[in-house]
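Two complexes follow with chain A in common, the first pairing it with chain B and the second with chain C.
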Partner chain A sequence: MRDLVLIALFTVAVLLLPLFVTSGFLLNLVVMTLYLALLGQAWNILGGFGGQFSFGHAVFFGTGAYAMAVLQVKLGLNAWAALPAALALGAAVGLLVGALSFRYGLKGSYFALVTLAFAEVFRILANTFQFTGAGVGIQIPLRDSAADMQFSGRAGFLYTILALCVAGQLVAVWLRHSRYGAWLQAVRDNEESAAALGVDVFRVKLVAIAISGALMSAGGAFYLQYFRYVDPHIAYGPAISVEALLAAIVGGMGTVFGPLLGAAALHAVGEGTRGLMENAPGVNLVAYGVLLVLIVMFLPRGIMGLFGRKN
Partner chain B sequence: MLQVDRLSLRFGGLRAVNDVSLAVEGGRISALIGPNGAGKSTLFALLSGFLRPDSGSVRFLGRDITGLAPHRVCRLGMTRTFQIVQPFSAQTVRENIAVGAHLHERDRRRALERAEAVAGRVGLAPQLDKLAASLTIAGRKRLELARALATEPKLLLLDEVLAGLNPQEIGEMIPVIRSLSETGVTVFMIEHVMQAVMNLAEWVWVISQGELIAQGSPAQVTDDPRVIEAYLGHGTAARLRQAATSGAGDG
Partner chain C sequence: MLDPWILFASVLNGLTTGAVYALIALGLTLIYGVLHIINFAHGAALMMALYGVYFLHREAGIDPYLALPVMIVLMFAAGYLLYRFVIGKASHGRDENILLVTLGVAIVLENLALFLWRSDTRTIETAYTFTMVPIGGALIALPKLVAFAGALAATGVLLAIIARTDLGRAIRACAKERQGARLVGIDVEHVFAMSFGIGLACLGAAACFLLPAYYVNPQVGNGFVLIAFTIVVLGGMGSFAGALAGGFLIGVVESLGGLWLGESLGQIGIFLIFIAVLLFRPQGLFGARA
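Right, the complex of A and B next:
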């Protein structure tokens, strides 16, 4: 209940934001924070609640981005119609990766490596086929109309990413208060015990990776609409996988608001260092690294660890 | 209730379970005893679906469940506990037990309520909101039992729930286990604590080196020379008898 109230307050605050803030820089910062929070939440569903640490969430992100691009540019679909298809494809890729790796009991670092390998395979495939624009990538034409999920101002994008981000939060709240969520966390903490108590471990993991894949591909879809361009490296490169897991780990794994706090912290640190050292591009990544080390050493449960046991 | 027919499993050259047949009757407490490494836990793993037998069959409530996945066995009404306790450490006692309760209860709140009731039955009520990781070994054993109980099993397989407890804690647990049986749950337990076996079990099977060597009432099996030798070594039974008679002569 308290979680839902917090989400409602947060939603209203972001909805009202464009009335008070006109700075494009600030609005962009909020958009990018919410976008990173969505990626972090996607990773958190599988990694934080399910204990399956993926190192290749780009495989879902890229699938979402490419699905949007291909459906619009090559098949002439409207962006709003393409979005559900992108989510479904993300979930389908999740089921594929999950069925193959969970069937054979891959866990821990083995699972992480397999997801990384999947992302790399998809990157090479996207780099190969003309269908996905090969190495050149795909650019979607500028339309500047809400009917095509492109907006002339930042507010439209802000509301779109807010809706997706809140959807991710609601999934996390559902996990905290449902039988399925209890099963998923039981599987995370001890698979054998869970199975002994009647939990279908394989199926529970499959559902988690499908939901996670759908949310991550929503992030990819949004990325495409916002930047109107995707190439194999952006879509399936390791950077996006790392960003997603950083947001969740820094904020607090297995919590509802961890990914949002993590995303905010990463952007604050990133922009801070960029502001301090303007002549050193990429220095924000160093700051991310330092932040991660500090969090792992002093706050193993992430920023949420500061607010009591569970939130 | 549970029929085991000529069950065998080999690990390489080791016959972990060799041609074991037994039948657990409903409504009572039976025990499986035997020296360390005899194959007791392996047998439990075969019954509950965690291991697949090389040959033989397991029937539960008239249904062949040989090689059925653990979660399916549990859904049919047979729940096991683990000798090495395996709590969901990051969760509270209440949440731990609720996982078991969710087997038959979709609603989260009602599952948590049910967890509370089950905790009361095994004496965990004061610890409901503690993290499972913070429990003592005795507390964890109770939690292991409570979680299994929350699935409302017809047959409960208890793998050494008394091991590692001090005499006082054992004394507290024995009535808990007896009360389970009184509420209609059939209990099949592996136990080293003979005080508990003598106290609770109506029927005992003895397993040694993977083979069933004796069965009967607790008094019968503890008097059986083959059982004494399995525990204490070849020829011990005869020496003990000799010592007893000569000791009587001296006095």
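Right, the complex of A and C next:
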């Protein structure tokens, strides 16, 4: 209940934001924070609640982005119609990766490695085939109308990403309070015991990776609408996998608000170092890496751990 | 099909690359075998070593092959300190933590390089860069031959250290049974840090052999990380002989894949092998399971 109230308050606050804030820079920062929170939440559902650490979540992100691009540009579909298809494809890729890796009992470091390899395979495929634009990538034409999920102002994008981000948080709330969520966390904490108690471990993990894949591909779809361009490196490169994992881990794995806090903290740190170092390339990522090491060393439960509530 | 001579040259080329891959993978498999951790920063550390060789050549005019002892010592020291002060401290006894910490270290190193040296791809030119040597009708670049011989020699030295010295015995003891090793008076933390240092020292050597025929940029390590992991998994985690055989195998697969499928798609063979081995034979092709 408390989680739902917090989410409602947060939603109202963001909805009202464009009335008071007109600075394009600030609104963009909020959009990017919510976007990163969505990626973090997607990772969190599999990694935080399910304990399966993926190093290749880009495989879902890229699938969402490319699905949106190909469906719109090559097949002439409307963006709003393409979005559910992109989510379904993300979930399908999740099922594929999950069915293969969980069937053969990959966990821990092995699972991290195999997801990374899947992302690389997809990157090479996208780099090769013509219908994904090969190395050149795909640009979607500027249309500037809400009917095409392109908005003239930032407020439209803000509401779109808010809706996706809140959807992710509601999934996390559901995981916290539902029977399925309890199974998933039991699998994370001790797979053998969970199996002994009658939990269908394989199936529970499979559902988690499908949900996670769908949310991550929603992030990819939003990225495409916002920046109107995708190429193999953006879509399937390691950077996006790392960002998703960072937001969840810095904020606090297995919590509802961790990814949002993590995304905000990362953007604060990123903008801070960028401001200090005058936009030198790479410094914000150096700061992210240091932050990751420090969090693992001193704050294993992330920023949420500071609030002292045992999850 | 293809001209057998092209095929022959391609296999030869694959073997020379494979030797360097094997050396890189040996460092990784040593770290895995002893510490049971997957060193995600392996590629980034190799990238740093390549920059080391590059700057020694550019600033001090030291030939890459003469830089060998310097790089081995430097990388060993870096690895020892990295384990002692960062990785060992952060583990809290959980494998996931080490995975994340080494990932963090990789991010820091890669972007530090980007910040310090920009994203330019750099190469060095030596008197022998373009020297070709005929072998059985195929032409192989001299630096690749030196890399082949050098990587094999370095591997021999490493295996001798592990097999013959007191340090090697201690390393093997810690790999097998760390509690027992502690009980008989081995300083386990020290041995762990030594192993990590030796693992990175392999990269120092590999960088010296690699650079004359290769290039360096901040992202160069990424390509090697997955290849090295593939080799290690293929050969059986922690197995030295497996890493050696896996290195040659992957070198040849990459070379032939590029020949048949083209530059871009050719790489896919390695990753498909990787996924297939992880799924169906995680104990490695040679079944040497620690």
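Note that in this section the second predicted complex is superposed on the first by the 308 of 311 C-alpha atoms of A that agree within 3 Å, B and C clash if a C-alpha of one lies under 4 Å from a C-alpha of the other, contacts with A are read in each partner's own complex, and residues count from 1 in each chain.
In this text, contacts are C-beta pairs under 8 Å (C-beta built on N, C-alpha and C of every residue); 3 or more make two chains touch, one makes a residue touch a chain.
Keep in mind the model is a prediction, meaning the values are calculated, not measured.
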Which of chain B and chain C A:Asn127 touches, first, second, both or neither: second
First, second, both or neither for A:Asp148, with chain B first and chain C second: neither
Chain B versus chain C as contact partner of A:Leu292, first or second or both or neither: second
Partner chain in contact with A:Glu192 - chain B first, chain C second, else both or neither: first
First, second, both or neither for A:Phe53, with chain B first and chain C second: second
Touched partner set for A:Glu271, first chain B, second chain C, both or neither: neither
Which of chain B and chain C A:Asp200 touches, first, second, both or neither: first
Broader residue contact with chain A after superposition on the shared chain, chain B or chain C: C
First, second, both or neither for A:Ala182, with chain B first and chain C second: first
First (chain B), second (chain C), both or neither touched by A:Asp3: neither
Contact footprint of chain B on chain A as seen in their complex: 177-179, 182-183, 185-186, 188-190, 192-201, 254, 309
Interface residues, chain B side, partner chain A - complex: 48, 50, 69-71, 74-75, 79-82, 86-91, 95, 98-100, 102-103, 105-108, 111, 131, 147-148, 150-151
Residue numbers on chain A that touch chain C, as the complex places them: 53, 55, 100-101, 103-104, 106, 108-110, 112-114, 116-118, 120-121, 124-125, 127-128, 135, 238, 242, 245, 249, 277, 280-283, 285-286, 288-293, 296-297, 300
Chain C residues within the chain A interface of the complex: 38, 86, 89-90, 92, 95-97, 99-101, 103-115, 118-119, 218, 222, 226, 229-230, 233, 264-265, 267-268, 271-272, 274-275, 278-280, 282
